[in-house]
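Structure record follows, encoded as structure tokens.
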Amino acid sequence: MDSNLILSNILNPPVLFFFLGMLAVFVRSDLEIPNPLPKLFSLYLLVAIGFKGGHELFESGLSPMIISTLLAAVFMASIVPVYSFFILRVKLDNYNAAAIAATYGSISAVTFITASSLLDKIEIPYGGHMVAALALMESPAIVVGLVLVRIFTPKALDISVDEKHDRDDTDNKHHKDEVDNKNNKDEADNQETSWGEVLREAFLNGSVLLLIGSLITGVLTGGDGWTKVHLFVEKDLFYGALMFFLLDMGLVAARRIQDLQKTGMFLISFAILMPLANALLGILLAKLVGMGEGNSLLFAVLCASASYIAVPAAMRMTVPEANPSLYVSMALAITFPFNIIVGIPLYLQTIKLLGV
Amino acid sequence: MLQPVKKVEIIVSYLEVPAVLKILKKNSIRGYTVINNVSGSGEHGYSGDDLITNSYIMIICTDLEMAEKLSNAMQPLLKKLGGIFIITDAQWIAH
Amino acid sequence: MDSNLILSNILNPPVLFFFLGMLAVFVRSDLEIPNPLPKLFSLYLLVAIGFKGGHELFESGLSPMIISTLLAAVFMASIVPVYSFFILRVKLDNYNAAAIAATYGSISAVTFITASSLLDKIEIPYGGHMVAALALMESPAIVVGLVLVRIFTPKALDISVDEKHDRDDTDNKHHKDEVDNKNNKDEADNQETSWGEVLREAFLNGSVLLLIGSLITGVLTGGDGWTKVHLFVEKDLFYGALMFFLLDMGLVAARRIQDLQKTGMFLISFAILMPLANALLGILLAKLVGMGEGNSLLFAVLCASASYIAVPAAMRMTVPEANPSLYVSMALAITFPFNIIVGIPLYLQTIKLLGV
Amino acid sequence: MLQPVKKVEIIVSYLEVPAVLKILKKNSIRGYTVINNVSGSGEHGYSGDDLITNSYIMIICTDLEMAEKLSNAMQPLLKKLGGIFIITDAQWIAH
Amino acid sequence: MLQPVKKVEIIVSYLEVPAVLKILKKNSIRGYTVINNVSGSGEHGYSGDDLITNSYIMIICTDLEMAEKLSNAMQPLLKKLGGIFIITDAQWIAH
Amino acid sequence: MDSNLILSNILNPPVLFFFLGMLAVFVRSDLEIPNPLPKLFSLYLLVAIGFKGGHELFESGLSPMIISTLLAAVFMASIVPVYSFFILRVKLDNYNAAAIAATYGSISAVTFITASSLLDKIEIPYGGHMVAALALMESPAIVVGLVLVRIFTPKALDISVDEKHDRDDTDNKHHKDEVDNKNNKDEADNQETSWGEVLREAFLNGSVLLLIGSLITGVLTGGDGWTKVHLFVEKDLFYGALMFFLLDMGLVAARRIQDLQKTGMFLISFAILMPLANALLGILLAKLVGMGEGNSLLFAVLCASASYIAVPAAMRMTVPEANPSLYVSMALAITFPFNIIVGIPLYLQTIKLLGV
């Protein structure tokens, strides 16, 4: 692999701050970014990429290539959880398999932003519509994950189930089908409410809404709005906020690493190999669509990344039988650092090799 | 002047607060207090600090039976999603 | 009305973000800006407009026109609560009438800022002294409101009153004079403390102090200080912060809308018609003083806007007999969105028509 | 080693915290704990979240009579401005 | 369905929270809740608001003896660095 | 003293905001910057000066003069607590003497930043390596303070000591040697843990780690990283954040002033005279090393300033027998304002007089 690319990626202030955050936890420093400050940075980053993407979409307009890209995005977001589920079922019960599958079908906006900051640095162009692709890929996996649970454990979504799944975080047993699914009188009722909630959670959760809202604002306010606020959403301020957010992500990811002991080799391998496979599939699809170098990298990164905010929140409420410390830790403590450090330059190298 | 009451304390994920408030409403309970951004550890491992935090909800019940009624109404939610529900005896100033 | 003006006003990123916040509540999204982040934006906005106003005042110096404008500001802030009180007394008890009157006599800084951002956009100039007018208009209404309570319910300000007003939020009865005002032995004592507190609350509350402090800093540090920090207090960063703050205001205002059911048609009409009347009066006064187009709009907006921070905080402590959910909801859920969306372009149109 | 105490819990608007602390001072109470940014609902409707939040104040009284004395001192404030005042029996480690 | 428990409440400087959690771990206590950013006043003067804040820790002990065992384990820390430790009787829903 | 220098220092927006914060407390305004917002500003300021210093170090490289400066920094940080301790022992017990000595041996980053903003204003250059000096001066005093306690009260660091020092905040007795030091069976054990903790607390506490991490990031990312984020870490945004942080420091310092009643004249004098002495020593050393005007001022300010964050946190855990309200109040309510208002221009004047 081109060692310049790796260096370019790592010698980026935001990525170095991710290491600094991890280091702080490893040496047991008391460095912390207290709540709700991390939320400030994540709200800001969503608004910034949304608005910037919207502005670029306003400039470029819709083209057939853009529409193909968006379709490809929805396709990948729907198909990844399906094959992930069947792979995971080999070792896990349906609940955990579905929750992890949904996690990997969805995306991580910060991984996307870090990749775009590498593209900025080495001056490879990319399109604003990739933000729309990002927004479109957040939600479908949540719905697919739930459909899978419904098909394979038909009574699972009953919100007033009387027996609690005996989750056991202390050892590594995730037996299949060990959950007792009693029928309940007002099941039908509850399932309906549950579905309404699920769809709202999937498509109207805070980050999706803010991202799409900012995108539309960027489109609607056109060149005028851009002149007013562009220095707020791009350049130095954007990189600065990304530095702080990745510092926090480093702290959070490193704290999660101890949870990995309970995860087992199967899931640790999954958390590295699945992103690689998804990225490769994404790159091939990107070649097919003819996205160009920059957009292909962003698309690969979307396919490779896993959600650690929207999906965990949705799964915790809708598949409570699954163990959150599994899917959050995998996404956050393995896949996220892997993509940030190794994945991004690797995917770009592959794109260059394949001549996408 | 001091009057016996039941103090109910609930700790759940912040995601479940709307569900709890709905239950309170159903039981015509209008008085409650919520502390957000609480961290903790329990059967479901560690919550807080980073992505998903807990909330602490306190309800003073002047109607002594209400506390137990509420505990019944909360059972399914707690069974399903975990959390803490405790009742303490206290006295309050009726003002 | 000039539809360009309306579009210009609405297609402003901050105003669109206000809609986004309202939308989030209506579709029951979990989007939120957790405490105390909104406080960060409001502190910043106060400092920014204060400092910018101070700098412009430093550049322009004091002129007779500026002094007339400031006098007009104090005049309007003192007179609006008086006539509002008598109108409100037709349907409300003295306490609620005085509290709502004070709310409408004072101002909303964010409405002012939004109006100034429209002026920036359509390139109509305005003066830094308008910030001084804003600062002068925050407090008088609090004092006038209390004087009205004292005159019409002479024993009301007694801080250790023994009987509690039987406030009832669930239905819409606000009977006049239903409060029992027992005399209390140490009344005189308490009234004095109370007055001291009230005046401090009115003139030294956090936002007034920060605004005036920033204004004076802007004047004192002159061109030098301006060169150092102007990109901190104006342009992109300022608009960005305004976007976030209006996003939060959208969330907060929409959450308050359900309270309006209890408010009744009289107060809902008041919350729209009173701003219109106050704006018109303000415009006529502005014409008299000869303020010019930009300053006239800002003056009209100050007259038309209602306070939802400083005055409610003061009223809650000093007229506890009044129902906060009335005056906060009216100011926040009706008058504020009305001014932001309809009022600002309407007042500007009127100014253009009247040739102010 | 464990010694009976009275735990007093007060919930009021954050605007009233200085007034409550003044009352504590008047009663020579030096130990207290405050949690700010608490939201809730009661007779005065919803507070918190947006513009005016509540505060939670806790006072451990080793002098058992003090709790009731305090409740008397707090009465007028609670009557006027609302809020919660409760007393619970507890035990503490005198250290 | 309701079962008696002991509620332990600890207030210490946020700097000491890791030490307290270590003691909990030593006593095999996995369930606890922490509220950070709490201010207060005690023998060591005022804490909070500015530079050094307190934390509030709550532990529900279903094992009734555990509360007192914990109070012994906490004694040295409290003696050395101050803070509050109280135990209250409560009932909880075993779910 | 050159009155222009004093005016230049005071008519700086950040310094005026410090006064504004103090004023707000004195007039009992409710102005406050709620937690954890002040933490946001302090994290930002550390990152900004670290990154900026690192970039300048990258540009200048290491020179013998820089190395002498860093050695001088460590020397001062180690020697100041020693002589301070012996002076303080005249009136105080060993615990309080050591804790206060450590406080004055360490530094205040905000005082440093305020001094550098004066240098910017009057256009005197200074080097990025001074940030490295700052970082090096934070920690040694913590260790020296503990060594002093260990030498003079040999059993003091025992973490499970059974008798509590009967601290008394209400009156002004700080008797010497009144603490009873019982031996304890597992003393050796505890002392080891304690030392490990102390060293970690000293050298890996959050602010030191963040500062050094940002410095190294600035060095590693070179000109490229600088182009990306320089407007995030310097100029308007930097001054703006400093304004807000000093506003908060004004609030915090003024609130601490009432604690000074209990402090007594000896300590109040110490809190003014010791900075003066340390600054003078620093200036002489700077002359010896040949640092140049700008660097000499920053060095003097580092010597003169006292820590109110890192050291108090360390002392509270490791010398709990000392009274935090003494050392925090002295550093925050006397030495900090003294340096900000009087000290900085005075030290610069002295440097000019001595022709450093």
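Letters A, B, C, D, E and F mark the chains as written, and numbering starts fresh at 1 in each.
In the analysis below, a residue touches a chain if its C-beta (ideal position, glycine included) is under 8 Å from a C-beta of that chain, and two chains touch if they have at least 3 such contacts.
Because the structure is a prediction, the values reported are computed rather than measured.
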Task = Average the CA atoms of each chain to get its centre, and name the chain whose centre is farthest from that of chain E.
result = C
Message = Validating interface symmetry: for the copies chain D and chain E, is the fraction of residue numbers used by both over half? Same or different.
response = different
Ask   = How many angstrom between the C-alpha centroids of chain F and chain E?
value = 33
Inquiry  = Taking the mean of the C-alpha atoms as each chain's centre, how many Å separate chain D from chain F?
reply    = 37
Message = So the centre of each chain is just the mean of its C-alpha atoms; given that, what is the distance between chain A and chain D in Å?
response = 44
Query = Multi-chain contacts in chain F: which residues touch at least two other chains?
reply = 34-36, 40, 164, 237, 313
Request  = Could you tell me which residues belong to chain E and also touch two or more other chains?
outcome  = 35-37, 43, 79, 82, 88-89, 95
Ask   = Tell me, which parts of chain E touch chain B in their complex?
value = 1-2, 5, 7, 30-36, 60, 88-93, 95
Remark   = In their shared complex, chain E is touched by residues of chain F numbered 35-36, 38, 159-164, 167, 169, 252, 255-256, 259, 308-309, 312-313, 316-317, 320, 323-325, 328, 332
Request  = Please name which positions on chain D make contact with chain C in the complex.
outcome  = 13, 15-16, 37, 43-46, 49-53, 76, 79-82
Inquiry  = Help me check something: in the complex, which residues belonging to chain E touch chain D?
reply    = 9, 11, 35, 37-43, 48, 54, 56, 68, 71, 74-75, 78-79, 82, 84-89
Chain C partner contacts - residues on chain F that touch it in the complex = 11-13, 16-17, 20, 23-24, 27-37, 40, 120-121, 235-237, 239-240, 243-244
